[in-house]
Structures are given as structure tokens and as C-alpha cells.
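Take a look at the structures listed below.
Below, subunit A partners subunit B and then partners subunit C, in two separate complexes.
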Partner chain A sequence: MEEQKISVWGSVRFWRNTAVWVTGFAVLLLIWLSLDTIPQISAGTIEDLENGVTKRVPSAAVINYEIGYELDNKRKTEIPIIGGKQMFFGRNDYSEEEATELVSHGKMTVQSKNCMNCHTLLGNGAYYAPDLTKSWLDPAWSETGPYRPMTGKATTEEAMAEFLQHPNKYPTHARMMPDLGITPDEAIAVVAFLKHMSSIDTNGFPRNFNKIKGAVNAK
Partner chain B sequence: MLSRVMNVQYESQKLAINYFQVALILFGAQLLFGLTTAIQYLYPQFLFGIIDFSVGRMVHLNAMIVWLLYAMIGSVYWLLPDETGIETVGIKIGRLLFYILTLAVTIVVVVYLVVQVGPGNAMSRWLIHEGREYIEAPRWADIGIVVVVLGFLGNVFATAFKGKRTGIVTVLMIDLLALAGLYLAGMFYTKNVSVDQFWWWWVIHLWVEATWEVYVAAVIGYGLIKTIGANRKIIEMWIWIEVAMLFGSGILGIGHHYFWIGTPEYWLEIGALFSALEPVPLLGMFVHVIYDWGKQAGKRTPMTNTPAFSWFVVTTFGNFLGAGVWGFMHTLPQINLYTHGTQWTAAHGHLAFYGAYVAALIGMMYIGLQGKYGLKEMRMTASAKWGITLLTGGVLGMTMALTIAGYVQTFIERGQWGATWQGYFVGQNSPWMIQAYGWRLAMGVVTILGFVFLMKDMMTIARTAQRENLKTESTATATA
Partner chain C sequence: MIEAFTDVVPSFFGTLNRGPMTLTIFLHTVIILPMFFLYYSEKKKQKQGDHED
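Now for the complex of A and B:
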């Protein structure tokens, strides 16, 4: 038959077998890497936080702590630093269960209100509004930033919660955030979710987060 | 005689036409909501509080995903009898599932537009939407989709086992099974946002950069055999090479989405390496189509369906440019660290989806149209030319505008301002950004014009072709 004379490079069977082997190998490698990754991105525990064990995704109880984002000399990227205890809506003794429930309620609210179709979370979503990955640490919400005084609140968490409930009252730009009917409880939960998200080790994204402010605002 | 009756003998192909029709309606909806959101970029008060950006964007994206899936299912129902030589098994159930799916899609869209948002609890996720980009469909609809797709797969498998199982059908069977299975990875709630996005990318990335790509490789293979009489043996060999290259690079290429979501550092290397290889098969597909075209031109055999073939040429260019080149431009972590989640991403997303999937599936619809009226030959009409030119030009124009916006945003917001809240708005306020958004809007309008021509053409091209064919027949008899 003619088939026999064709070199392997022109043989359908050869390429079909190649396709099967290559695909099988890629799938197995992906599964193996996923089995390694999932435990690494599963949330840590409250004990980890107490003992200073770093996790890529810390326990939700991280809302009891101060969070920083600093250049790490070894990795040469910015990484989240978990500092001392810090009040969050007047408390710093959220138990693991309480904190986990709160952050989860926040995440459900973020999903129900469709935040991701204007903002990005961990850089994924829409580009109509600022990235929320490290919004908890954003200087705009700090003591000196423009938004906290605008809401007349004393702390970052209260200022953010107030803004979330009444975005119409605090237009930060012509492109306003709509009123999504976020309740006071939901607002607290969303802020807890955002605080927790800022403690995730994102390999240095976003880069240079507010590091060159002085150079830009050379007042 | 000019006839408007369907000339299709297979029920499967009649059903395919119905799938194409709903797909085109949803394509129109997609463009409409793209328009409202593009206007909001420039005039934020437009429809504010009525159809907010988030709502319009959700409809824009979901209409796109759903219409592409409709067109994909339709194309399979079209080619299945041709390939297997028999009527599709279980076609009655297939038709019933079509009506169920269409009803479900209608309800989902109405709820998106009317209810829009719900309270932060599980009920919202089950009944309104899931709030996860691209796969927002509420859980009840997810389950419905799984049932419908299982039925569809059942039909395809039963038909392939009963009839002739060609290489094209074999690839499609395996690929559709994987495509459907992946959807399950997006169907559960998790409290952990990193774990959430990890699985979310299994659906999104492993769809568009693995299973959907293999799907179009197989379908374009069928299309080339149909339109220019390409050699089946060579086509099937090429498809297997494509499968090896696409899956070999695309599956682990998922790592380019695992740079910054909390996942370990080794993904930086894996993602960079494998996703950098992803353009290779796309270049291969491009070369293959051009090569076959050259061979066909040499043989001087008539091309039986010029509009379909033109769309296949657009898809090979567009896939290579939009996915291959625009994808490669931001796929290395050194660059992606700064471009991640900027207008860069949107530029790539538009050209890639259009080039890889929209163009290929419109090509299949033209094959369907030709078959529907039993035409031996179908040539480009003026509207077909306007449609393909304005649609492609419009999307290319939007992509260029968004690429400029992406550059400016990356420099100002990411480079200069360190990605802060204030930096974001300084970037957005830059006159260069605003100008780019203006061009995106203008080019969006061009795209919509192209769609209008396409629709007009799809409704009239068969008549035109019948008239032309009659004319040539009568001149042929006159000279004889």
C-alpha cells in the first residue's frame, strides 16, 4: 500500500500518537502542580499568625493585625508584612471562625454586587475602576489621604464602610461608584475581605505600590 | 426558481441553522452593551443607575460567551451528518434541549438587566448571578447548561459511533468532552479568593487557549475541505499536529494567570515558558491555510464559498495577531507585572476573541447558509464585503486604541504612580487615555455598522446567489 512508503513525518498515526502523549504529559504535569499549589494557597491558621509563620494566604484572623507591604531584600519584590495587633471596627480579638465567616460574607457580597465587573481583584476583572488587591493599604484611605477626611471617619475601615454604603455622597471622580444597596453589615464584611486580600502574597503585584509618591507630588 | 425553502435533508443541519440564528441575535446584544459601556467610559452619567457599567459589561461578556457556544454547537450539528454520513442520533432531544437552553438564556439575561444585584448571600449566587467575570451565570443556569451539554455530547458520541468516525469528528469528540468537563471547575463557591481564581482560570484559560483553539482547528479543517476542496488526509494530519502543539503549550500556559493571585513563585517560570510557546501553533494554522489557498489557486478549481473562505482567512490572521502576537506581548512576568489588569488586557481580549472565534464561526455560518439553500457556489456580495471589512476594521481599530490606552495606563498608573487609587485616576484623566477611549468608541460604531451589513447579507446572499446561478445557467444554455 501507498501508506507504507510515506515517512513518519507524513503519517497521521504518528501525529495522533504524538498528540496523545504530549497532551497526557501536559495534563499530568498540570494536575501534579495543582496538587502542590492548592495546599500552598489554602488559608493559614490563627496559630500561624500568633507564631509568626508566614503563609501565602493567611488566616482570615489577619484582620486583627496591622498589615504592611514592603520590599523584601531577598525576593526583590514587595511582600505583605504582618505586624502587631490592630483594631478593626473597635476589636482585635476576632476568633478564627468569626473572622472566616466575616471575610466569606464579604466575598459573597463582592460577588453579589458584581464588584469585579468594574474593578479588578488580584488584577483580574474590569478596568473601569481602581484595582482592589491592596486597596486596604492605599494611601488615599490613610490618615493623610483625601478620602478618610471626606467621609469624616476616624479609621480606614470606617471610612471605607461609609463610602461603600453611600458612594453617591462621596464622588471621588466623575466616574462614580453606583449605590449597590450595601447594608452596614455587608459593608463591614466587604472591608474585612479587602483587608484580608491585602495580606495575600502576590509575588509583588502591584509593583512600586506608592513608593515614589514624593517624586510625583514634589511639593 | 428563487426558492426560500430550506434545502437541507438532515434535521441536524436544520437545528444548526436555529443555533446560528440565536447566536447572531446574541452577537447583536453583545455589541449593543459593548457600546453602552464604551460610552460610559467617556460620559459616566450615561445610563448611570439604570444600566450601570458593571451590568452592561456582564451582558456584553455573557452574550459573547453564550453566542460563541451556540455557534460552536450549531457548527457541530452542521458538520456531523456530512462527516458521519448519517442523520444525528437523538436529534429530537437535541431540538428540545435547544428550546430549553434558549429559554434559560432569556431568563438569565432578563434577570441580569432587571434585578442586577442581590444581597451578599448564597441565594443571589443561585438566582441572580455569580459575580465572577465571564461565568456569571447563576448556579441554577449552570446546572441547566450541564444538562443541555450532556445531551448534546450524547448525540455527538452516539452519532459518531453509529456512522463513519473521521479524524475531524474524533478530535471534536475528545475536545468537546474536555470543554464540557472544565465548566465544572467554575461551579462551586469558595471562601478563599486565591483558590477561587485558581479554578476560575481553569475554565477561562483552558477554554480559550486550549479546548476552544483545538475546536476551531478541527472546524476550520472541515471548512477548508468544504470551501476549497483541501486534501482530507493532509488536513487530518495537520489537525493532530495542531492538537499536540496547542495542548502542549496551552495547558501549562495557564501559568501566565498564576503570577500574581497568591500562587507559588514557580508559576512565573512555568507560565512564561509554556505561554511563550502558544503563538507557535497559531502561526502554524496561519501558514497552513495560506499554503492550502496557494495550492487551490494553482489548481484553478473554483472556490465554492468565497465569503466563508474569506472569514477563514480573517480568522487565521486574527488568531495569530490577537492571541499570538498581542498575547505574547504581555505574557512574560517581567512585563505582565506592570500590564496586568490594564487596557492592555482589553486590547488583547478583543482581537483574540474576534480573530480566533468570531471570524471562524461566521465562516461556518456562511457554509450553513450555502447548504441551507443548496447552492453549488456562493460568491461575495457587496454587503458581504462591507460586513467583513467593517467588522474586522472596527475591531482592529478598537484594539489599536486600547493598545495605546494600555501603554499610557501602564506608564502613568503603574510606572509613575505605583498602582495606587489616585494613580489610577491620574492615568484615566490623561488626555491620551481619553483620546484613545474616543477612538475605541468610534471604532465600536464601525464594528456595529459591519454587523448590520453582515446581517443584511445573511438574509439576502442566498437570493443573490440563486439569481447569479440562474443567469450563468441561462447563458450556458444560450451558448450551447
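Now for the complex of A and C:
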């Protein structure tokens, strides 16, 4: 009897089945990962903030609270810590709707003024100008930093809003920001957007955010 | 060997990340193990004289 010639590696059927399996599994995996992402990026609520429930993306009402940035020893990255109540343009009682509207207005302004043409926000944009992901936490805008006294304002939010309206008056960086015609209302909304963005847990991104004391790569 | 769960939002992949089974090892295992089955079933078919269509 003639011996059968067996060659699995040369078999088209074997490779076809393998391709169907690997492609099919990859499709299912991508669908699974997409569904897995949804709870990770869903924003929290004002109740979460009041009850101390941690979310990757807190509610926009986080503008009513103080935001810190501390090294988490377990995760080995800095994470935003939402603290006690803090005044934001003289108020700390923004409702969920008000805060969401303000932050959305800020986001629309950031998009219409094309901030990403120079800045980076949450990993998107350019590195011509400083990364804005954690700009609210930049000590340069704090009481002791150089920027706040330059604008002559009493609070971080007022100083940032003043800078945004007249950036060409304040030499913060070697490459000065141009005047984009941002109105006072837009400036307030942009600062709210920046404050909300700084409260997002980005797994320590940006890693080169070295201006905060205690940061992993602090200089 | 099993580390503390550190993800903000619990998920299967967060759980997977705690132990020695990393995402890469998990995916290779899940993808390659059924390929052994495909290989041996093809070999069996060929031994039984069922060659390519």
C-alpha cells in the first residue's frame, strides 16, 4: 500500500484555519478591550466627589475642590488627590450642571483657539509650548511661583485667566504665547477646563512634568 | 507573587496584571494553545486520507 504523505506545515487548510482563529480572536479581543475602556473613562458624579469615591475622570464639579498631586508608592506614579473644598473664582458651590457647562465651554474654547497647535493636552498635541495636562498644578502659578505675582492677581485661577487674556504681556517662556483674543468668559471657562483636566488620573502622565516637588523625575 | 490590586477601576485586565500572568503571556497562551489543536486535527485528517480540498 502506498504510504500517505503527511505535511501539516504545507497544508493550506491548516494555515487557513489558523488565520481564521487568530483574526477572529483579535476581533473579539478588540471589542472586549473597547468595552473594558468605557468604565475606565466614564466621568464620575458630584456624589462620588462628596463621598470620596475615586474615579479616573472625576465629575466636572471637581472645580469646587482642591487638587493635589502625590506619589503613590504602590503604583509608582503621581496621582491627583482631591482634597477639601476650594474657592474657584469666588465660589465653591458649582452644581454638576454649572460645572459641566463651564468645563465644556472651556473645552470648546481650547478647540476653537487650536491650543493643541503648540500645547499638549492628555497626550494629544504639540510640544512647542508647555504640556497643559497638569498645568493647574504647576507651582509657578502658586503663591510662591513667579507667574502669579507677574499678573498681580491674588489666586491661581485669576492669574491664569489674566494671562490667557493678555499672554503677550507676560514673558512666562522664551517662546511667548500670542494674543488669541480670548474673552474674560472664555478665560474663566478655559481655567475650569484646565483644573478639571489636572484632576484626571493619567497614570502619572506626563512623566516629564518635573515642576512638582516630590515628582518622580523632579529636577 | 500576587501583587496588590492598584487599578482605579476594577477590570479583568487589572486582575490579570496582579500575578505572574502578564497580558503578553496570557494572549500568547490563548492564541497559541488552540493552534496545537488545529495542528493535530489536520495531521489526523491527513492520516485518514483526507487531503486538501
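To be clear about the criterion, the second predicted complex is superposed on the first by the 181 of 219 C-alpha atoms of A that agree within 3 Å, B and C clash if a C-alpha of one lies under 4 Å from a C-alpha of the other, contacts with A are read in each partner's own complex, and residues count from 1 in each chain.
One rule holds for everything that comes next: contacts are C-beta pairs under 8 Å (C-beta built on N, C-alpha and C of every residue); 3 or more make two chains touch, one makes a residue touch a chain.
What you see is a predicted model, and the numbers here were worked out from it, not measured in a lab.
Asker: Regarding the shared-chain residue A:Ala154, is it in contact with subunit B (first), subunit C (second), both, or neither?
Answerer: Neither partner.
Asker: Please indicate which partner A:Met87 is in contact with in the superposed arrangement: first for subunit B, second for subunit C, both, or neither.
Answerer: The answer is neither, since A:Met87 touches no partner chain.
Asker: Touching A:Lys74 in the superposition: subunit B (first), subunit C (second), both, neither?
Answerer: second
Asker: Check whether A:Pro39 is in contact with subunit B, with subunit C, with both or with neither, and answer first, second, both or neither.
Answerer: In the superposition, A:Pro39 touches subunit C alone.
Asker: Is A:Leu29 in contact with subunit B, with subunit C, with both, or with neither (first, second, both, neither)?
Answerer: A:Leu29 contacts both subunit B and subunit C.
Asker: By the touch definition at the top of the document, which applies to A:Tyr128: first (subunit B), second (subunit C), both, or neither?
Answerer: A:Tyr128: touches subunit B, not subunit C.
Asker: So, does A:Val8 touch the first partner subunit B, the second partner subunit C, both, or neither?
Answerer: Second partner only, subunit C.
Asker: After superposing on the shared chain, does subunit C or subunit B touch more subunit A residues?
Answerer: Result: the larger residue contact count on subunit A belongs to B.
Asker: Check the residue A:Thr54 against both partner chains and state whether it touches subunit B (first), subunit C (second), both, or neither.
Answerer: second
Asker: Share the list of subunit A residues that count as touching for subunit B in one structure and for subunit C in the other.
Answerer: 11-12, 18, 22, 25, 29, 33, 36, 40, 56, 201
Asker: Subunit A touches which residues of subunit B in the complex?
Answerer: 37, 40-41, 44-45, 48-49, 52-55, 57-58, 116-122, 124-125, 128-133, 136, 167, 189, 191-198, 200, 233, 236-237, 240-241, 243-244, 247-248, 251-252, 254, 257-268, 270, 337-338, 340-343, 345-346, 409, 414-422, 424-425, 428
Asker: Under the touch definition given earlier, write down the residues of subunit A that touch subunit B in their complex.
Answerer: Residue positions touching the partner: 10-12, 15-16, 18-19, 22-23, 25-27, 29-30, 33-34, 36-38, 40-43, 56-57, 60, 100, 103-118, 120-131, 133-135, 138-141, 146-147, 172-176, 178-183, 186, 189-190, 193, 197, 200-213, 216.
Asker: Sort out for me which residues of subunit C touch subunit A in the complex.
Answerer: 4, 6, 8-9, 11-13, 27, 30-31, 34-35, 38-39, 42-43, 45-47, 49, 52-53
Asker: Where on subunit A does subunit C make contact in their complex?
Answerer: Touching subunit C from subunit A are residues 4, 6-8, 11-14, 17-18, 21-22, 25, 29, 33, 36, 39-40, 54-56, 72, 74-75, 201.
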